[in-house]
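Okay, so subunit A shows up in both of these, paired with subunit B first and subunit C after.
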Partner chain A sequence: MSGARRPSQRLRAALLAAPAYTVLAVLFVVPMLLLFVVSFWRVRNFALTPDMSLAAYVRVFDTYGDVLVSTMINGGLTALVCVGLGFLFAYAARFRAGRWGDALILVAIVTLFGGYLVKIYAWKAILSTDGFLNAILIASGLSAEPLDTLLYNRGAVIVALVHFLLPFAILPIYGQLRNVNDIQIEAAHDLGASGHQTLMRVIVPQCRTGLFAAFAISFLYAAGDYITPRFLGGGSGSMIGQFIAREFSTRFNWPAGAAMSFVLMAASLLVLGLVGALFVRRRPS
Partner chain B sequence: MHRNHAKPRHGLDRRSFIATGTAAAAMLTLPRSAMGATQLSWIGWQGYDAPLKAGDFLKKNDIDLSTTYISSNEEIITKLQAGGAGQLDLISIYFGHIPILANAGLVEPIDEARVPGIEKIFPEFLDVDTIRKDGKLYAVPFTWGTLSMVYDPAAIAKPASWKDCLKDEYKGKVSITDDITGLISTWAPIVTGTKTPTRLTPAELKQTIDFLIKIKREHARTLSPNYGEATDLYARGEVVISAIGWDAQVAFAAEKDKELAFVRPQEGVMVFMDTLAIPSGAPNRDAAYKALAQAISAAGQTVMASDLTQAVVSSDAVPLVDEVNREVYQYGDFESLFQSARFNPFWPLQDDGEHASYDQIQEEYQRFLRA
Partner chain C sequence: MNATATDDPILRLAGVGRRYGQTDVVKDIELAIPRGSFTSILGPSGCGKSTLLRMIGGLTLPTSGSIEIDGEDVTYLPPQKRPTNTVFQSHGLFAHMSVRENVAFGLSLARRPRSEIDDRVSDALKLVRLDGFENRPVDRLSGGQQQRVALARALVMRPKILLLDEPLSALDLKLRQAMQEELRAIHQDAGGTFIFVTHDQAEAFALGDRLIVMNEGRIEQAGPPGDVYARPRSLFVADFVGDANFFTGMRSNGRIDLDIGICLDLPGPDGSLQLMLRPEAARLHAAGDGGPEDGRLGVEGKIKEIVDLGPFAHCILELDGGYRIEIAGIPRTMVDAFAAGNRATASWPEAAMVEVAP
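Now for the complex of A and B:
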């Protein structure tokens, strides 16, 4: 009897899931496939020509190899800082703030309001030679004249990205920390574990998934960004997203832009795979 | 019986709510034209729409102007190639890109009879071969100007040469903007000695790009993504002189209460001409022609001169612009002006075996951007 009902149940489940799969296919899978096909085409005088060429992929490594590496470094550093600061903030909210913990998280979310470009221009105002930070440095006597090294470099890009992405890193870590059982922490203390040992052997192992999620969200967003490096990056802060946007919008070189996008995606997945192996696959001892 | 239960307190029952909602949704989804005004889709540089917004042109012609601003001319080509043709009514683009658009069938020939005032455009601009194909005009000259050296008169004395920006005292205080044609056209003659900077051999191109990389790395504060950002650098006191500039920056800076000035250095500057063209299949062609006529009218041209410090293309507008504008752009003596301000042809679109093609120029320019 139950065996006879299984096919109809499966059909019902499939029908229920169909709209979601359809949306995923139409909005994500099909465009990605089309873009993948285009990455093998050629372009001449602003016109696309169907082909089966690997030239666009070869060009990614020949022309943009250094920018790709720089992008991975910027994305990785941004994600590491986000995970570190995010963990500290989430830990304080979960274990130190008492009943104000949720309010702290709310404050973190509120910082998302105000928009992305506003944050970029805010950092421009803070880090420029006549900016807020230079004013403090001069007023406090730490610098005799304005420093022009605060802006238009890799550091400025990472600072602005961390400012924007930190709330996205805090949320998954905090979600995991909420699931850590207080009794286990007390038991660790009762058994003589130091604060550091409790943190590293009881708390952190239980929020590895949250840490990885925080890293992945921050890394993927940072590695794909092209606005922040354009406005704050200068020469050393350039990232591959800027050149992907340029290939698509300015040169109409869709094969190059598509190939660069897929290489960036593959490189990002590689980094996430390595980090995932470190964060997630190791079980708590 | 409680009346409040029979009828919602807000006085709108479910059926009325749905009917009202449907009507509102239908209103929102109707084409603007069905609601009265003709929607004119325009794309170009920010500020270039000013002549259309001036006075009562839009109201008088019942036009609802929809504007899209660009950060590079090539964005327009990409937009038209990617399905924008048939949706856009009027584009404002650098004259050099017209052959690309005309050859690809992305713009349509201009019906000159529908553009009153076209006969008043200076022949030096209207008769340029680049905007014509098979005897037909594909774009109407709209404005022109020079890519001059912009400097902060409160900080430095008036420069005389482009090489002044390479002086040690200005290291880190030089403005340089992401402008492929402007940068290469300005610096190629200085670096290679060429008379026509848009006809470079691959070796000359490499030499020019190498030099630009040197300026970017050793002298510039940063590479600004556009002239607006570059103007911000002057306003914040971060730069005082430029390796490439645009006359209109003086007007941009004035809006920020910053006084800037521009000068044509002894090596000469590049003259640019921006045009107006109608994309193939423009849905509101009549409105596009009206806008085109307005943009080149004496009134429209005067707005460009006063708002953006740009030069006018119509002889009718010359008496209306201020004395400074007339003096700077020497409307009565283009021959003399063009000796120091070069009106270059566009890059070769195809590889001719001798000169770098536009594609090669763009590829090499990427090297400058990555540096």
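Now for the complex of A and C:
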């Protein structure tokens, strides 16, 4: 049907793709390259000076090493919780909800309309010392004093991030679960598989890439976030995004900010690579 | 429904029914399947045949009655605990596994030793003529190959009963016929009891040594395929299994008067009745050839239509009262003697007429 492509067709394809490539190049590739160059510069008398210095990178590890580790932990835990809850939700929607499955997914997507800052403030209201959760704890007699340990830590940041990111984790998993047909599950039982064996040997292996996509989306977003930790973090809840934003905005130290960004990116890709090796199995050849 | 009962059937169903809401999809099935038989269950779609098969395999639970396999009550056992395996209509292969992994799935769950699994998997693949395909991903196989993998995956478990739920209906005609032949050969080589569900009459006859015809959740008739064809008990079976002419008439004192104007003797209760005649049981005589021999029933009419089907021809004879008789299997050498519009006589032996319940 297609036959050999004529040059005019190839030209047309190129023209159609051109706007997308242009946007990508101008808004993503070029700024990244500029930032990469800047990360080797220095700031002298509040002015950027071209240089070939690794000082900014050295400073990242000296000053922000522990924050970077903490960021990876927060991002990783957020992503794991998202994948776990996302799988449960997607599984329920696909296999337990019958014809209401798509409606459940729609509900999950609708929660995104609430916006992101609203969720942060909501969790602040729930977790603060005079908040909703403390009111319940005191009213029910589980605690005499309001707890001040609910907010401003790793837990608070992860809870809020999971709340926001869960729909993004559900979607790719649900998409792949829809490819697992009911006959496969009946066949597994018929061949002697228990419910658990069917789950682990037939269902989960067929949504590995969906699980990985869910992990990657939630991890990359969480690890790069700087709003949630600023409002709900502190101590173990601090994340490197906050400090990158500070280097760029209040300190005008672009080389430091740029170097931190690239270290964050490299660390994130490393984590994704390791997790990916676990999640994604090669197809039989 | 007395399925040619043997003393020691592999499968026994007693009063088995399945109700969904207010609808009885399967009603009060009594059935005994002989060990080692190849049974075809034939019926129109929605007749409950697949539900019946699923209840035998444990994929659907009955709402009444009991199911016994090899003397053991399995009525409420889950599929993984039954000595049955199923080949599904849309194969249900595990898309993330190779051919070998699919076939080995059940044995590895059963924790069989590695060497045994390897041997049995390669035997099963040889049986379905897919040796050499072990490492292929199943989604790169053709439809017929996929169905053969599904067959091997079930056969490798050596089930006491292999259940086949219209496994060939997605294949094209040539492939279907080839697979039917293979299935028969596999039944002979592998042994065991096969139950095959289909809505395709030709397939049911080609495969089974026993035939069960179902309609509206009930078994209409069970027996060897030839018997069911030659002596259908009901109008439904006569009509669903092959082609048939039906004649209405009245009986009094064992003498039947048919509306088409012929009489014959057949004992039974007085009243109105229906008789059936298979189209190929009748013979066609041209106007001048002397007509039917003695002892045969005959009616005269006008040839409405004659269709040359190649090896044989097919004719519709219109009688004077407006009744029509279909005659099949007219030898090709005789086709030239008949032409549409000419008068001719149809004849058949009295014994070819079978009374059918309405």
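The rule is short, and it goes like this: the second predicted complex is superposed on the first by the 268 of 285 C-alpha atoms of A that agree within 3 Å, B and C clash if a C-alpha of one lies under 4 Å from a C-alpha of the other, contacts with A are read in each partner's own complex, and residues count from 1 in each chain.
Simple rule for what comes next: a contact is a pair of C-beta atoms (placed from the backbone, for glycine too) under 8 Å apart; a residue touches a chain by one contact, two chains touch by 3 or more.
This one's a predicted model, so the numbers in the text were calculated from it and none came from an experiment.
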item: Subunit A as common anchor, with subunit B and subunit C clashing or fitting; value: fit
item: Which superposed partner A:Ser143 touches (first subunit B, second subunit C, both, neither); value: neither
item: Partner chain in contact with A:Phe243 - subunit B first, subunit C second, else both or neither; value: first
item: Partner chain in contact with A:Glu186 - subunit B first, subunit C second, else both or neither; value: second
item: For subunit A as apex, the angle formed with subunit B and subunit C - C-alpha centres, to the nearest 10 degrees; value: 150
item: When both partners are placed on the shared chain, which of subunit B and subunit C touches more of subunit A; value: B
item: Partner chain in contact with A:Gln206 - subunit B first, subunit C second, else both or neither; value: second
item: Contacts of A:Ser194 with subunit B and subunit C, given as first, second, both or neither; value: second
item: Which of subunit B and subunit C A:Thr22 touches, first, second, both or neither; value: neither
item: First (subunit B), second (subunit C), both or neither touched by A:Gln9; value: neither
item: Where subunit B and subunit C come nearest after superposition, their Cα distance in Å; value: 47
item: Complex interface listing, subunit C residues touching subunit A; value: 57-59, 78-80, 84-86, 88, 90-98, 101, 105-106, 109-110, 135-137, 150, 153-154, 157
item: Of all residues in subunit A, those that touch subunit B in their complex; value: 44-47, 63-64, 66-67, 128-130, 148, 151-152, 230-231, 234-235, 238, 242-243, 246, 248-252
item: Touch list for subunit A against partner subunit C, complex; value: 179, 181, 183-184, 186-194, 197, 201-202, 205-206, 283-285
item: Subunit A-facing residues of subunit B, complex; value: 72, 74-75, 77-78, 81-82, 100, 103-104, 172, 216-217, 221-223, 225, 229, 236-238, 349-350, 359, 362, 366, 369-371
